[in-house]
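So, here come the structures, one by one.
Next come two complexes, and both contain chain A; in the first it sits with chain B, in the second with chain C.
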Partner chain A sequence: MFQNNEKVSPSQLASVIILTMVGTGILTLPRALADEVGTDGWLVILFSGAISMLLLYAMGYIVKKLPGKNYLEILSATLTKPVAYVLVFLFIIYSIVLNSFLIRIFGEVIKMFLLFYTPIEVIMFTMLLTSIYLVRRGIETLGRLAEFMLPIVIILNVPLFLLTLQGTDFSNLLPVFQTPIKDLVMAIPTALFSFLGYEIMLVFGVFMNKPNKAPRSGIWTIGIVTVFYLFLNAMVLSRFGVQQTTHLIWPTLSLFKTIEFPGLFIENVEVVVMTMWVFIVFMSVAPFYLSNVILIANFAGVKNHNLFALPLLPLIYFISLFPDSMAATYYYLDIIARYGATLVVIIVPLLVLIALLIRLRRKEEGNNA
Partner chain B sequence: MLKKFILMLLIISCLFTMSGCWDQIEIDERTYVASLGVDVAPAEIRNKSNRYEMSYAFPNHAGGVGVDTEITNMFISVVSNDMFNAERILATRTSKSIFLGHLKVLIIGEEAARDPILLRETLDSLERNPLISRRVSIGVAEGPAKAILETEPRMEGNVGVFLVDTFRRRDRTQRAPTIDLGEALISLHQNGTALLPKVVAGKDEVKLDGSAVFRNYQLVGWLNGIETSDVMMAKGDIQFLVIEIPHMDLMIPYNVTDGRSKFELVQDNNQLTIKINVELEGDIQHMYLDASEDIMDPEYLEQLQHHSNKLLEESMLKTLEKLQKEYQADVLQFGAFIERYHPKVWREIKGDWPEIYENLTFDIQVDSRIRRIGLAK
Partner chain C sequence: MGLFDKLFGKKDKASSGGVKPDKSLDKNMKFMKEAFEDCTDIVYREFEVGNKYKVKAALIYTDGMADKILLNKFVLDSMMINTRIADNQDLEEHEIFQQIKDQVLTVSEMKEVETLEEGILNILSGETVLFLDKYEKIIIVASKGWAARGVSEPVTEAVIRGPRDGFTETFRVNTALIRRRIRDTRLKLKTYQIGERSKTDVAIMYLEDLVDEEVLEEVNKRLNQINYDAILDSGYIEQFVEDNWISLFPQIQNTERPDVAAAAICEGKIALLVDNSPFVLIVPSTFNALMQSAEDYYERWPIATAVRILRYFAAFLSLTAPSLYVAITSFHPQMIPADLALALAANRQGVPFPAIVEALIMETTIEILREAGVRLPKPIGATIGIVGGLVIGQAAVEAGIVGPMMVIVVAVTAISSFAIPSYNVSIGFRLLRFIFVLSAGFLGLYGVSLVALILLVHLSSLKSFGIPYLSPFVTIMDYFGDMKDTVVRAPLLSMNNRGITTRKGRKNRLDDKKPEDFGKGEE
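Presenting the complex of A and B:
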C-alpha cells in the first residue's frame, strides 16, 4: 500500500543530518564551551565546524565515487571484507549506545520540565515506539519528514530567539582572543562532538538519488549547523555571562525559560520550546535508529531491514537505563563520544578515503598504461 | 466487517488505557503560591533540623462551580530544615497541592540574608528548581520576611499581587533597584555581590525603598533610597527619577526619564581610576508662578544643569566610596568591566582584586540635559 522506492534527495538527506546533529549538541554545548574557554567558544565552534565540514565532504566524496554501495560494501571494497565486518560491528555498537543515551537525556529533560511523576521508563518507551513506527517506513519517509520539520523548527526558533533579546548584554561576549591557543585546541573535541550525527551520511548515502551532489550538500549541512551553534552560543552567553552559564546544566533550556511576555495569552513560552525540543530529539533518535537497523540487516545479509526494528528496542531501552544518574549518563556519553566517535567519524572515513584514492590512482595508472 | 469493528474497538480502548495519568492534576486542586518568604527559624525552636521558617502567601479560591467564589488571602508559615521539606510539610496543612510554578515574589528576611549558607542554599534550590522562573522578583526585608507577607496592603488585598506590581511597574522611582532572580543570580555567580531591593513593612502597606548590599553571599549593609538611585545612575539603569536641583533658595524638581553611563579605565602609574560618564535626560517639573527667572533662557537652563551635575557627582562619589570602603562590595562589577575591556590589565590584577578595588579612585562626570520645561514659560 505504501510502497516507496527507498530514495532520498540530497536536500532531504541534508535535512535529516542537520536535525540529527542539532539534537546531540543543542542542550549542553554553550556550557561545555564556557567551562573550557570562556568567551572564546565561538572560535572553537568555527574550527570544529570547519573540521566537520571537511569530514562530511570526504564522506560525500566517498558516496559520490562509490554510488549504490551500502556502508558494508563501501568498507569491503576499500578495506577488505574482514575489516569491514569488524568496523560495521563497531559502528553498530557505537550508534546503539549513542542512541540509548540520547533517549535517556530526552527522558530526563521531559521528566524535569514536564512530567514530574511519570516514570522515565514510560517516557522513553513511548518515544522509542514512535521512532520504530517511523523506522519501519524506511528512509524515504524519514527524508520527507525531515524536510517538512526543518522549516518548522527554524520558524519556531526565530521568534523564540528574538524574545530572548530583551535583557541580553552583549558586553558579556567580551573579551575575545584571550584564551591560550593550547586551551582552544583542547576544547575542539568538546565542540566537535556537538556536531556528531553526520556519520550517518555513509549509511544513508546508498539511498541518495543524486550521489553526485553529496559532497556539496555536505558543506551546506555543516554550514547551517555551525551558524546555528554560533548564534546559540552568543545568545546564551550574552544573556547569562560566562559565570552563570557554567552553572547551568542545560543553558539552552534555561535561556528560553527567561522569556516572559507580559500581556501575551501565554506568559511562559515553554510549551513551544518543549514542542520543538521533542521534534528535534525525535529527528535525532529516528535516523540513528534507522541506520542501526539498516546496518544490522546488511551485517546479517538480510534484505528487509524492518525485521530488526522491534527486536532492537529492548536493547536500546536497557542500555539507556544503565547509567545510574544523569551525571553518569553524561559521563558515559562523553567517553562514547571521545573514543567511539573518533573511530567512527574520523578514522574510518579517512581510511576509506585514502584507500579509495589509492585505488582510483591505480585505476588511472592502469588506464594510462 | 467484524474485523474492522474489533480494530476500531482496539483503537478506542487504546485511547483510554494508553494515556498517561501520572501527572494529571485539575487546576482547582492546585494552589498557586504567589510569594515566598525565607526567614531563619525563631530562636527558641531553632536547631539543626529546624533552620528555616518559610512563609507562603497565596490566594485561595473557595466555593464551587456556579456558586460565587470567594477569594481569600492565605498565609502559612512552616519551620523546616530546607525549602523542599517545607513544601512537603505545607502539603500536610493544605487541602490542595502546592504549586510553585507561578511564584512571583521572593522575600528574604534580614537574618537569613546575613547567613551566607542559608542564603546560598535558598538561592541554589531556586536555581535548580525547573518550575521556578528566573523572572521572579526578589527583595530583602528589613526584619523578618514573614512580616511583609502578613501585611494586607490597603490598595490591593493580596500582598503577593501588590508586591509583583510594585516590583515590576516601570513608573516607580529608582530608589530601589529593578532586578529579578535571574539577574541577582548572575551577579552573585560573577563575584558574590549583589544589590537587591529593600522591602519595608508598614502597618497596612509595604514599600520598596533603598537596597541591600551583598558581599560573599551575605548581607553586609543597606543603602538608603538616594544612595541606591546614585548606584542605579552610575549603572546607567534609569527610567524614572526625580532630582531636586537647589538653585538660589529654590528647589527645582528635575524629572530624569532616561540615563546612560559609560565606564572608562585610566591607568596612571600604579593608580587605577575608573572614569564614569553619566548622561541624563529629563524635564523640569515646576518653577513657581510668575517666576522672575526666565526658564526659556538656555543659559539659565545651563546653570541648572550645572548645579545638577555637581550635586549628582558629589553624591555618587560618596555612595561609590561607601560601597568600596565600607562594604568592599564590587556591586557595579568594575572587575568584570576590566576583565572584558582590558583583559591584559585584568590578568595582572586578578589575584588581588579586592585590595585593588578598595584603592580605586573614581572620576565621575555627569551630563544632565534638560530637554523640556512643560507648558508654561
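Presenting the complex of A and C:
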C-alpha cells in the first residue's frame, strides 16, 4: 500500500501560509497604515516583512532541527512539559478567537457586498461547514488545494491591479520619509498583525516531507506577501490619497469597487472580486481551523483529529457572534492580535529557539568533551 | 525478474489442485460428460488414430467458439488420415504420443495441461481439448475462433486526424493493437482470470522500465482482491479497483483508442484490458488526462493549445453556466449592464417562476431529451433532437413558462458538455450542475463559490493509485515540466519530461535535446 501518512511538500506548505496570511491582512492594512504613518506605510511594511521573515525563518529552523515532532512535542522538548501544555492551550484559545473574528468580518463583508437580505448567521454557518469539509480531508488536501489556488490568485490579481490603474494619481504616494522614526516603530505592530498566519508553520511543520527546506521556503513565503502588500498599499494610496483612505472601512474592497472599464461586459466588477475573495478567506479560515483541530487532538492525546472538527463549529460560531458590531469586532480583534499574537507568534518561537540553541550547544559540548 | 516472480506468484494457483486425468479415455470422457451434463453446446468427437497401434482419441470443444475449419483440416485430417499413410511401423507404443504432438498435429499453437478442471476451463474459453487413450496429459489445441466484430472506428472518441482503428470485444485483437504500436520486449503483458463464473481474461500492459513499481504492485494487489460472479465489462473492474467509490469523478481513464492506450503506456501508466470490452482502462489517471484528446498531439501545437483552453472553458460553462445565470439574475442584478438588464426583465415578463425553478425545469427537460436520445435508434434520435430542442424550447418560451435567455443558457450548457472529451467526466458535471443551480438559488454567487470550493477540496483530496488527481496543477513546484501538457500543449520538441506517472529517474524523453536541435538534418 502507498504511504498515506499525510505529507506536504515545502512549496505546498508555503502556499498554505501565503494564502492564510493574505486572507487575514488584506482588508484593513492600507487604512491602518495610512492612519498611523500616512504615506510612509511602505517603510513599515518593509520592516514588518523583514521581522516576519526572521520569525518564520526561526520557525523553519525549529522544524528543521526537530523534524517529525508536533507543536506540543516541540514545546515539551524545549520548554518542559507543563509549560508546553499551558502554551498550547493558549495557542488554541488564541486561534479559535482569531478564527471566529475572521469569520465574523467575512460574514459582514459578504452581507454588505453580495447578499443584502441573507442573515449573517447563514453566511457564517455555511462557510464554517465548508471549512469542516476541508478539515476532515486533512493537511494533504489542504496543501494540494493551496498549491492549486496560489497561481490562480496571483494570475487573477494582475489584471485587477491593472484595471485599478485608471484614475490613480501616483503623486499621492509622496512625500516620503516624513514620519519620525518613533512613529514608524510604533506602527510596526499594526503591520505585523497583517502578516499573521505564519504561526501555523510550527503546527504544520510536522507534516513536511522535506523539513530541511523549511527555513528557506519561509523566506520566499514572506517575500511574496510583502511584495503583494507593498503593491496593495501603493495602489490604494495612489487612488484615494491618505485623507480618504483613513475614512474607508475596507479600502481594498473600495479600490476594486472603483474599477470601471469601458466595454467591459460586466457592470460591477466588485461582485466578481467579492466572489474571488470568498476563496481567499476560505484559504485563511480553513488552515486556522485545521491547525486548531490538530492542536486540540494533540492536547487531548487523540490520534484522529477529525473527531474534533464538528464539535468546534458551535464554539467558533458563538464566539463570532459575540461582538455587537463591526467596530466591536475590530476592537476585540485588535486586543487578541496585540496580546495573543505577541505571545504566540513572537515570544513562544523565540523562547523555543533559544532553548533549542542552548540544547544543541550543550550537545555539541557533550560531544566534544 | 525476481520482483515480477514475487508479484505474480499467484499465477500458477490453478494448477495446484484439481483432478488428474485418468489413463483410460473412457473414464476421462465420463468425467467430462458428467461435468458438462445438460450443456448441449459442447461437442464430443471420438475417433481412432494410427495404423498398427490404434490409439483411441477424443476431441471436446464448445460449438460456436472453436474454429471448426481448423479442427477438421489440421487436427482430424492429420490424425485420422495422414497417420495411416505415414510409416510408423517401428514405433514403440509410448513414442506415439510424442509423435502425434511433434509430427501429426499441424496447428501452430498447442499446449498441455495436467488437470481436468483446466481442460474444462479451456473448452469454455473456446479451445479444443484432445484426449488420447493411455496418455495422462490433456492436449489443448488453440482453436479460438468465433463470430466477432472487426476492428472499426471508435465511436466515443472520434478524431479528424489520427488512426481510425478502435479496440474490439476480442481480447487478443486488443493486445495486438497495442503491441503493434510498441514493438519492444520491455512492453510486458500479464494475464489474470477474474470472475468466479465468467473467468474473464484481464491483462495489464506496461513498459517494464517506465512503470512505477509501487503502482504496479498496487494494481496487482487490487486485481487479485476482486471476487465477483461475472466481469462483463471493464466498467466492473474500474469500480473494483478505483480509489474512491463515492466520488462523482472517474479516477480511471477509459479509452477505445489503441493510440491513446499506447501513449499512456509510454508515460509509464498501465493499461488494463478486459475481454469482451472494447474499453481499455488506464491507471493511474488524472483529471488533466481526461480532458485531453488524442488529436491534440497530432495537430500543430498552437492550435492544440487553443482547443484545450476552449475545452477547459467549455467544462467551466457546462458546470456553472445555469447557476451563474440564476445567481446573477436573482441576487446580483447590479452586475448586468443596464441595457441588458432591461432587455432581460422584458423577456422574463410574464414568466411565473423564479429563475431557479425556470433553470431546473429546462435542465431536467434537456437531461430527459439526452437520455431518450441515447436509447433511441439512430434515425429516430435525430427527430428527438429536433422535436425536443427546437419545438419544446420554442413552445416553452411562447407559452411564457421560461424566458428565452434561459433557453440560450441551457442550450449553451448542453453543447459545452459535449466538448468535454471524456463522457464519464461530463456525466459527473451534469449531476453537479444541479447542485450548483440549487446553491445559486439559495445563496447567489456566494453559494456558487461555496460549492466550487467543496468541489475543489474534493478533487484535491482524490488520488488515483497514489498520484494526486489534480496533478500537475497541485504539484506545480515539484513537477513544473508537467504543466507543458495541461491547459497548454507545448511543442513535442520541448516535451522532454515524461511526467509524474513515470518511474522516478526515467523522466527524460528527448535526451535533453533542445527544440533548435531538430529539423536540421546532418550538418
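Note that the second predicted complex is superposed on the first by the 365 of 369 C-alpha atoms of A that agree within 3 Å, B and C clash if a C-alpha of one lies under 4 Å from a C-alpha of the other, contacts with A are read in each partner's own complex, and residues count from 1 in each chain.
In this section, a residue touches a chain if its C-beta (ideal position, glycine included) is under 8 Å from a C-beta of that chain, and two chains touch if they have at least 3 such contacts.
These figures come from a predicted structure and were not determined experimentally.
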Which superposed partner A:118 touches (first chain B, second chain C, both, neither): both
Partner chain(s) touched by A:258 [first = chain B, second = chain C, both, neither]: first
Partner chain in contact with A:306 - chain B first, chain C second, else both or neither: neither
Partner chain(s) touched by A:9 [first = chain B, second = chain C, both, neither]: second
Which of chain B and chain C A:148 touches, first, second, both or neither: second
Dominant contact partner of chain A by residue count, chain C or chain B: C
Touching partner for A:247 - first (chain B), second (chain C), both, neither: first
Touched partner set for A:342, first chain B, second chain C, both or neither: neither
Common ground on chain A, meaning residues reached by chain C in one complex and by chain B in the other: 114-115, 118, 122, 268
Complex contact set, residues of chain C against chain A: 214, 218, 221, 331-332, 334-338, 443-450, 452-454, 456-458, 460-461, 465-466, 468, 470, 473-478
In the complex with chain A, residue positions of chain B that touch it: 20, 22-23, 127, 130, 133-135, 168, 182-183, 185-186, 189-190, 336, 339-341, 343
Complex interface listing, chain A residues touching chain B: 112-119, 122, 167, 171-172, 174-175, 178, 240-241, 243-244, 247, 254, 257-258, 260, 262, 268
Chain A to chain C touching residues, read off their complex: 1-2, 9, 11-12, 110, 114-115, 118, 122-123, 126-127, 130, 133-134, 137-138, 140-145, 147-149, 151, 265-268, 271-272, 274-275, 278-279, 282
